[in-house]
Every structure is written in C-alpha cells, then in structure tokens.
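Read through the structures below before going on.
In the two complexes that follow, chain A is the common piece, with chain B as its partner first and chain C second.
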Partner chain A sequence: MNRLCLMAAAAVIAAPAASFAADNTLTIGMTQSRTGALNVDSLAQQRGFDMWRDEVNAAGGIKVGDKRYKVQFALYDDQSQGSRVQQLYTRLIVQDKAQFLFSPYSSGLTATAAVISEQYGKLMIITGGAEPKTYELGNKYLFQIITPADHYLTGAVEALATKDPHAKVALVYSDDPFSKAVVQATRDQAKEAGFADVLDEAYPPSTTDFGPLVNKVISSGADALLGGGHYADGATLARQLYDQKANLKWVTLLVAPGDAKFATLGQAALGISVGSQWEEKATFKPQIGPTGAEFAKAFKAKFNEEADYHSASGYAGGLILQHAIEQAGSLDTDKVAAALNAMDITTFFGQCKFATDAKHHGLQVAHQMVLAQWQMKNGKLEREVIWPKAAATADILYPIR
Partner chain B sequence: MSGLFASIIDGVLVGSVYGLAAMGLTLIWGVTDVVNLTHGSAIVAGMFGLYLLTSTGVPPYATLPLILVGGFLVGLLLYWICVHRVIGRPPLMSLLSTFSVNLVLIGLGTAVWGTALFNVPVALPSVSWQRYTFPGTHILAAVLTAAIAGCLYVFLHRTRLGKAIRAVANNRGAAELVGIPTTQVLSLAFGLGVALAGVSGMLIATLFPFTLLSGDAYQLKSFVVIVLGGLGNPTGALLGGIALGLVEGLSTPFMPVSWTLVIEFVLFVIVLIAYPNGLLAPRRA
Partner chain C sequence: MRGGAPGGSAKHAAIVRRPFFWIIALVIAAFAVAPLLGNDVELRESLLLAAVYITLASNLNIMLGYAGYVNFGSIVFFGLGGYLCIYLMGSPGWPLVAAILVAGAGVSLLALLFGLGILRLRGAYFALGTIGVNEAVQAFVSNFDPWGGSSGIYLSTELFQALGGPMQALWSIYFLLVAVMGLSLYLSYAIKSSKFGLGLLAIGQNEDAAAVLGVPTALYKALAYSASAFLPAIAGGLYFFKSAFIQPTDAFDLTFSTEAIVIIMLGGQGTIIGPVLGGYFYEELRGWLLTSETFSHFQLVVAGVLLLLIVLFLPGGLMGWLHGRWPKLRRVLE
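Presenting the complex of A and B:
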C-alpha cells in the first residue's frame, strides 16, 4: 500500500515536469560505450557532446523562431556492442521520444544505429563513423561531420612521397570495416604515388601479439608501414615494431597515435604519425562557435584533460546541429535536414559540407584531415602537424629511426 | 627462411608465457573440477599489479613475488566467495558462479580505470640475429616461466602439501579417508591457480601494452592450451603453450595472420574429438 502511495506521489510530481520538458526542451538521443573496447574514444566523443550541451544551455538554449529550447540528452551505455545499439536506438526514438540523434562511436556501431534512425525517419549527426559505405544505401537523414575513411591515409601517402617517391610500403591493418575501408583507398593512392606494395595483410582486431607479423614486415624489406586500426591494437603494434627493431623509416597508424596517452609508449611513439580529424594547432577561422584554441582551453578547464579529435568532433557535431536548427527555424526533421543539405560552413573543426546526391547523401565532402607526427620537443614527446604544408607546425621527421 | 626461424623462436618464447597462464587454469580444474571463468580477471589483475607497483617505484621484476603472494591471497578469497559452495555440484553452477564474479570484477575495474591502454616500459638488452631481434623481455619471461614451472613441479611431486593436492585431484573421497583436509587443500589449489594466472599477467604486461579487457583473449588461449596439454596437467599446459606459440610462429610466414586463429581452433576441435581429455591428460580414478 505504502509502495502504491509512493508511486502515485511520484507520478503526480513527475507529470508537470514531463509536460514542461516537452514544451521547453529538445531531446537528443545517443549511446555511449561506457564499457567495452570502445570506451576510451567514445568517452572523448561524449565529452564533446556534453560540453556543447552545457554551453548552449548556459547561453539560454537553441533559438527556434521566437522560442528557446534547452538541450537534454537521453543517453545509454551500448557496451561497445552492435546488438545493444540496435535495441537502444529503438528505445531512444520510441520510448524517450528523442527528436534528433547523435551517432555512437565507431563505424560498425554507427552503421547499426543508422538502420534504426532511417527506419524511423530520425535525423542523426555522425561524429564517430568514418566508413563511407553507410552513405551509399540511399539514406536521407544521416549527416557525417568527419572526413570519410578513404581519406584517412591520403596525407601520409603525400607526405611520404615527398621524402621517398619509390618507398616500399607494407599495408598492415585491422580486419574491421573502418580499417579495411581506409586501406582499400590507400592501396590505390599508394600505387598512384609510385610506391611498391611489398606486404598487404589484415590482422584480427583482437590481436595481442604482433611478433610474428612484425617479423613478416622485416622479411618483406618494407621502408614504410601504413595501417593499424583502433587504440589497443595500434599502440601494441607500435611498441612491438620498436621492441623488435623493425627499423622502418616511416610508420603511420590509424586512430591510436591521435590519443594523448600514446606518449606513454615513450621512444616507441617517436616518429609515428596519424591522420587526424582535428589538431589544436590547426588554425581554421570559424564562422560559428569558438576557435580551436578557445575550445581546447575550455575543454581542459572542464575535464582537466587535453581535447583530442574525438572530443572536437563531438562538440562540432552539436554546433552543426544547432546551426541547422536555427537556420531552419523549426524542429521539424525535414526542415532541419534541408538546412543541413544547404550548409557550407567552417567551424574550429574545419569546413563542413554534405553530399546531396542520392548515391552518397550525407557524406562529408569538405572537411580535410591533417597529418600529425610524434616528435621530441625539449625532451618531451609532442604531436606536431606535418601535412599539409600550409598547416604544418614542424618539419617532417624522416627517417624516424 | 630466416624469418620462419625467427618466428618459431619468438613463438616458443611467447608461447611459454601462454603456458604459464594456462597452468593456473588447469591446476584449478584438475583439483577442484571447476572451470574458473575469473581466470581472465586474474591475468588482468597481475597486469595492473605490475603497473601500479612500478608506478610507485618498484622495479618491474621485483613485483613478481609480491604479485604471487597477492594473487594467492586473492585466490583464497575468491574460493570462499564463489567456489566453495558449488564444489561437487553440477558444472553449470560453478561456471555461472565464476562467470558472475568475473563480470563484477570487470565492471568494477572499468569504473575505476576505464578500458584505456596501459604500458609498462621495461628496458632490457635484446638479442639480434640477422635482421631480426628478440627482445630481452621475451627471453626473460620464458626463463622465468620455466623456473616457475620447475618450482611448481617440485612442489607438487616432492612436498607433502603438493602430494596432498595431487591426492585430492586423484580421488577426493580417498584423500579424505586418509585424513587429508580436503577443503583446505581445495582452497590452497585455487589460490595457487589464481597466483599463477596473476604472475603470467605480470609477465605478459612486460611484453605488450594491455587494457582491462585483455584478459579475455588470454583466457581463450588458456582453454586452447589446456586442451592441447591435457586437462588437469600443469606440466602439459606449459608444453601446450609452447605448441600454441609454435603454431602461431609457423603459420604466420606462410599465410595471412587472420588464419592463425582459425588454425588454432581447428586444432582445438580435432584434439577435443580425438582426445577428449587432452593430449597429455593425467590418469584419474
């Protein structure tokens, strides 16, 4: 009886709050990988979302016509699993009535979430899924903020070509959709640049010992290694290349060297480069939102941690959605989608424009990546932008060993 | 050809550490008849033990005895929490019990450390041969593994307590009849198994960076190793580990590395069908 009374009282208290929420707040749904293998990068992305939400709400909310809407998140832990993403994005739309969606982290989880969001006609901003295939399926409401996977190693190929136009290259990459999409494009780019492909091998994402593979790289006589996958495998590969003295002149890995913790590898990190969606030192002139330096400073003050490109893409995703809603003057999905289709804007994260043709709708076509390399500055490892030359903050370190 | 030779040597060095990890699992199975699904967590605990102790200034290899003792005490605790009540019950009960505790341990660990990567740099001179290098950490890990396996063999075959463990493993009822306190022996064996897993985790962490979730991969390898080496046979586990390392080393030069797992598990299934108790299974009453 007591329990019934409590439930009734809770319902009475909650009812006005719910109607208030419906009137004055905008609900954005997303999942975060709080547990599981994608925890690190997903947390960084989520912090970007959180910081954007807090700043928008502190400024009075998103302006839609004459009204202002505070932003609230409906958020669940997807455990880094596609099956959870499928359940939770359905729940976000059906039960939590999310008006817009942010993507989970990683290409695999994003592809799963995209099926649900399109099925229900919900607009989803994608900040953590680079694989381009998702945009080739006739989707109407997906919008990608980051550079697609096929350009992740473009800068590395161009930079390497300036140092050794006939380099012998080993492509060693994780057997996952994102990494395979990157390497599929890199294979052609390396061929066009005149490189010799001496090894082309995918490894299981769960690989913990790269010893035999590193011996294979040494046997191939490669000068350069391009590839990797995500954080754990990339960092392990970098350490074993160093421990086993692979003596490569050039190493570019995906994702892992973009994290500040990569420096804990010490000398094994020296010279390793990474295609980065954003670097604090990149100097874009934003039309909306903060500059890169302002964002990085505010992020550090809020979380006591350096911002990386995952957190920057999360924040930029919020900024782009906010701008589109304000341009549309409406919360209607089709009107906001139309504003995004027409958008061509520069934020601290770089330029943003979406493909509007039916075959690639929502694919990012304007954002450009930079190539960053771990270099020793005053006895300390720091990530410097080395490509493109116009954005470079340091000379290319070559050969790295 | 020299690449193949280098891969074989490296495979044997790393495989011996897999063997050490599997020794703990197979010892617990052999004595208690429990498939310990907290094994992966115990390996990760050893890794984090190394990380935390070295960050307070303890030299990497000086952490080994500390992790061995710590692992043993944690193992005793785990025995009384999740194993003792299900000893002698249907296997599913002990599987569920240890699986649940494993989930709790991983959940707590994720809350504290997340799944970020940790790296413990260990500087040891390496050995070079032609273009190939064998890191000193790999060589020392194999040497320490051999030493620990030797100590375990002597303990199990030459000491009164070790003989009691083997007696309980062989026939618990008969062991009780001759006055062996089987409950204490079971908890001791469990503690020893967890300590071995912890030490193997510590040695693995000197070779490779790790995350809180790394234990799953090594737990899976441990199952393959104990099937190859013989269920309940710690010495066989070392040989099984070396065999697994050899398979990895031998297959990689000739085929894509993504096939290595396939080969390992095909071997696993073949051995399970042909020798259900493993290649070097001890005789049990």
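Presenting the complex of A and C:
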C-alpha cells in the first residue's frame, strides 16, 4: 500500500506541467551532446541552430501565410549516449509540443532519434547524421541536409590520384557507424583509382593512444593515410602521426581537421586534409539566406570563433526548414514535408535536394563536399579548398612532409 | 499481460497466499495502469526506462544480493539478447515474441557456459572477469559482419505495423516490458523462497562453509548466473526493437551495468522490492536532472553527490532504512 501511495505521489510530481507556448511561437525540439565524446562537434552544430533562430526572430519570425511565428527551441543534453535519446525526443514531442525536430549530432544518435520522429509523425531536419542506412527504412519525415557518408573521402581519393596514381594507402578509422560507412565506400573508390590497400584497421572511438597503430602504419610502407573518425580521436591521431615521424605524403581525416581548433596542433596540422561539407572560401551563389562570407563574419562576431561545417550545416538546416514552411504557407507537417520533397535550392551551404523515392526518402542527393587542406599562408595555418578544381582556392600541397 | 501475469511461480500455493505476492502484483498493476490514465506518453517513456532498470537490477540482485558475486558486466546479457532478437526479426523475419523467447533462451544457455568458466573466480577477480566477458563480446560483435559489425543492425519501421502501427507498438512494447519486469520480481521472490535461494544466500555468507555443508556451490552459481540472464536478454530484445536500431556501443554500454549496481545499492541489496524502489527513483532523478532548467548543465555532478550521500548514510539502501524505521515491515516487504 505504502508503495502504491509513493507511486501515486511520484506520478503526480512527475506529471508534466502543461507548456503554455504563446500561439505565435514555433517550437523546434532537439538534443545536444553537452557532455560526452561528441561534445565539440555537437556544440558547433548547436551554434548554427542558435544563430539561425536569433536572426529569424530579430527579423520578426517565420512568415506563415499572413502570420509571423517566432522560433523557440526545446533542448536537452543527450550525454552523447543513445539510451536517453528516444526518451528525450518523445518528451520534446509530447510534453514540449515541438512542432518540428532537428537531429542530434552523429549518425548513431540520429538513427535512434529518427525512429521517434517517424513513430510520432514529426518532421526531422538532419544536419549531423551522414550514415545513409537511416534513410533506407521507409521513412517519410526525415530530411538530410549534408552529403551522405559514402562521399566523405571521394574528393580525397580523386585529388590523391592526380598526384600519385599508384599510391599505397592505409585506411585507419574509428570503429563507429559513420566512419565505417565512409570507409566502406572509400575502399571501393580507392581500388577503382588503382591504389594499393596496404593497411585496413579500425580503432575504438575512445582511443587516446595511437602509438602502436602509428607504428603499424609506418611499417606498412603506406604513402597515404585515409580515415579518422570524429574530433577527439582525429586530432590525437594527427598529433601522434607527427610526433612519431610517420612522414606520410598524404593524410586525409574525417571531421577533425574541419574544426578551427585543429590549427592548435601547429606543425602536426600542416598538410592534413578533410572532406568538408562546407568551407568559408567555397563560393556558392545562394538563392536564399546569406553568402558564405556573410555567414562566417556574423558567426565570428557572435561567438568569437571561426565557423566550421557543423555550424554551417546547423544554420543551413534552419534556413531550409524556414524556406519550406514559408513555401507551404502552413505549419502542417505533411504540407511542409511536401515542400521539402519538391525543394531544389542553393544556399551558402551548397545545393539541397532530397531523394523522394520510398527506398531512399530524405537522402541528400545534390549537396557536394569539398576537400580542404591545412596550408601555411604568411606564417599562419589556414584551411584552403583544394578539390574539386573548380572550387579550389589553392594548389594541392603534396607531399605534405 | 496488463494486469500482472503471476509467472511460473504461481504453482507454489504457499507463495500465493503470502501478502508479498500481491504487493508485487500491485507494483506491476501500478506500472501498467499509471500511464494509461490520461494516456500519458511521457510518463510511459519514463516508466519504460524504469522497468528496464528494475529488470536489470532485479536479475543482477540474484548474483549480487543473494550469492554475493558482483557482476559488473551484466549488461552483456541485455546486449546479446537485443542483438539476437533484432537479428532474428531482421532478415529471417521472425515475429517479435518468437525472437525474444529464442533470444532469452539462447543467452541463458550462453551464460551457463560462460558461468562455468568465470565462476571459478571469486571476489574482485570475478568482477573483473565479468567486465572482460562484456568487452570480449562487444569486440566480437563489432567485427561480426552478419550483425552489421560496428554499424549495427537497422530495422525497418514497417515492422511496427505487425503490432498495430508505430504508436500502438510503443504501448505493446511497454506492456511487454512491464510483464518482463514483473516476471523478474517473481523470479527473484521464487528463488529467495526456495532451497536453491537458501543455498545462494549461504554462498553469499561464506562459500567454503556452504560447500562443506553440502551446497553444490559450482552448480548453484552457474544456475544463478544463467537464470539471471534470461529476462534481461528478453528486455534487451524489446528495448532495441523499440529503437529499431542496435549498435555495439549502445548494446554493451558498461554505464548501464554500473547503473544497475547503483540501483541495487540505492534500493537495498538482497531485497526484492529494493530494485523496484531504486530503479524507479533513480530513473526519476536522472530524468528530472537531465531536463531541469537549473541542473541540466551539471546533472552528472548532482546525481553523483546524491548517490554518494545515500551510500554513506543509508548503507542498507532505501529498504534498509524502511526496515529500520518500521521493523514490522520486515514481515511484509521482502
């Protein structure tokens, strides 16, 4: 009996306080990895969302028919762990009455959240989940802003092939869904390009000592290393490759070199390239929203930090949702989804168009990545676009050591 | 299923006549009914995690609370059960109930084999061994291509149609998990009331003395290890079916194991209701901290300090405190 009373009392305490959103606000729900391994990239993505929200609200809100809606976020910490993501997204939908959703950061968390968005029929804009499998399960409400994982290293393979068509390549990558999906595609692309695959090794995502692995790379006689994972492991791997004098001619890592903080590695960062979803120097002619330079300047003014592609994809995600809502003239999920399905637009982030067939719905099909490389300009490390040639701002630095 | 299936222990008429049997039934009924009142989906999600925690803690309690063996890697049962179930439901296309039963039985059998090996270890060595088993299984699964390696297995959300569409499926999964939680409590109770349970308690007190008195310690420990794997494996199957996605880092997350131990400490080890109180309050606390405006930025710190205080000042857990405060409760609440 006692137990029941306790349950009843606790249930009352836990019962949600009704959220009193004014009827001219639009709530978007998301989780952020404030703690845990994905913290750096997730924060960057969140800043993109935040900046978009603040700009929209400063301009009076999103125009829906003849009404204007201010944007507010409902936001929780997912601790970089899948176990809470579903509970939190359910809460965002049910209790916080989020009308639209943004994805968490990383493919794994996104896959977990995507199920909730489908179950509750809420539209989710995905800016941080590149793994394509998520879109092959018959969803209706997922929309991916970024290039899917299988193209992350395509540019690196193409660029390297122009310098050394018979390069010996080591694939060294984090053992997580995203990195594995990338490398699976890269393996075939490298073979097609005529490279010899001399090492193929996955490491646990939490690895902090790459010593033995770097020795393996050295003894494999590789010219080039392709791989990496997310920020923490990628930055450590780059530093240890330099410290142990691996003297590779070419290194392309996922994600990590795309962050402005990567420059703090100093000499170890020199020559390292990254498949990037967006670079400040890439010049797309936007049909909506700011230009790349305008975005980068405003971002720096707001956060006193350089924008990276996670921030850019976050901001672009907001921009595209806003455009779809305005096109639909409605907050109705199905109408906005229809507007997104029909969309083919270029923002500062690049082109955006979604697959609409049932087998790949929501997969990004138009956005293209660029390859950026850390180069020394006037004694300062800067990230230059080196591939594709049409978008290049500098020549390829090869060999890097 | 919604009420409180009495489980296999119902045949013990003596147990059914005791009030505690009905207290467990009330707990199950409360879990089943509370979210139904007002169709409270948010409460259901929270209670679902609580039910998973209670299932894990209650089964872990058989090893930890009764036999005194600290199993840090109990999550391996949960993860393997999840993998077996999701795999069977994927390409072979098995129905949910068949998949979870086979997952439960398979993992239980595997646990018996593992158990015969690592239960030769005692104390800290056993605890480390269990972590080793979890790590080894995770490493194996991460490289096992039929199970998707480290990318894991993705299920089509269309599978939810078999349970009446995604929204209804979430309710069905919830009720199944509550039933699994209920069965866990009855299993704990049945074991505690049996000669087998007495043997385990004796092992917990002094293993050598128990062996001298004729308790077949090796067999009992292996059986307890195997029995405590069955229901967590089923819970894993249901939990990951709900996610429609499983990957090694989620399936074999040691944090979950550690949380289960914390829950037992919080509730009171060796008791049956302890894991229920511990699991429920732990989930409410973490859920509240995570979503609170004030505490969400340092929720881990607050949770840590609170747990430290409880361990320091309530060494017997909540049940220890209740029993101390109202000694008569000892006879009713086990």
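Following the convention adopted for this analysis, the second predicted complex is superposed on the first by the 380 of 401 C-alpha atoms of A that agree within 3 Å, B and C clash if a C-alpha of one lies under 4 Å from a C-alpha of the other, contacts with A are read in each partner's own complex, and residues count from 1 in each chain.
Here is the rule we use: a residue touches a chain if its C-beta (ideal position, glycine included) is under 8 Å from a C-beta of that chain, and two chains touch if they have at least 3 such contacts.
This one's a predicted model, so the numbers in the text were calculated from it and none came from an experiment.
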| item | value |
| --- | --- |
| Touching partner for A:235 - first (chain B), second (chain C), both, neither | first |
| Touching partner for A:218 - first (chain B), second (chain C), both, neither | first |
| Partner chain(s) touched by A:287 [first = chain B, second = chain C, both, neither] | neither |
| First (chain B), second (chain C), both or neither touched by A:264 | first |
| Partner chain(s) touched by A:35 [first = chain B, second = chain C, both, neither] | both |
| Partner chain(s) touched by A:137 [first = chain B, second = chain C, both, neither] | second |
| First (chain B), second (chain C), both or neither touched by A:81 | second |
| Contacts of A:243 with chain B and chain C, given as first, second, both or neither | first |
| Residue contacts on chain A - larger count, chain B or chain C | C |
| Contacts of A:24 with chain B and chain C, given as first, second, both or neither | neither |
| Contacts on chain A seen with chain B and repeated with chain C across the two complexes | 34-35, 175, 202 |
| Contact footprint of chain A on chain B as seen in their complex | 2-3, 6-7, 10-11, 14, 107, 110, 114-119, 121, 126, 128, 131-135, 137-138, 207-209, 211, 213-214, 217-218, 248-249, 252-253, 256-258, 260-261 |
| Touch list for chain A against partner chain C, complex | 1-4, 6-8, 10-11, 14-16, 34-35, 76-77, 79, 81-84, 86-88, 90-91, 94-95, 108, 111-112, 115, 118-120, 131, 133-134, 136-139, 175-177, 180-181, 202, 205 |
| Residues on chain C engaged by chain A in the complex (per definition of touch) | 23, 26-27, 30, 34, 40-43, 45-46, 48-49, 142, 149-152, 154-158, 160, 166-167, 169-170, 242-245, 247, 249-250, 253, 255-256, 273, 276-277, 280-281, 284, 287-288, 290-291, 296-297, 299-300, 329, 333 |
| Chain B contact footprint on chain A (complex, rising order) | 34-40, 43, 175, 201-204, 206-209, 211-213, 215-216, 218-219, 231-232, 235-236, 239-240, 243-245, 247, 261, 264-266 |
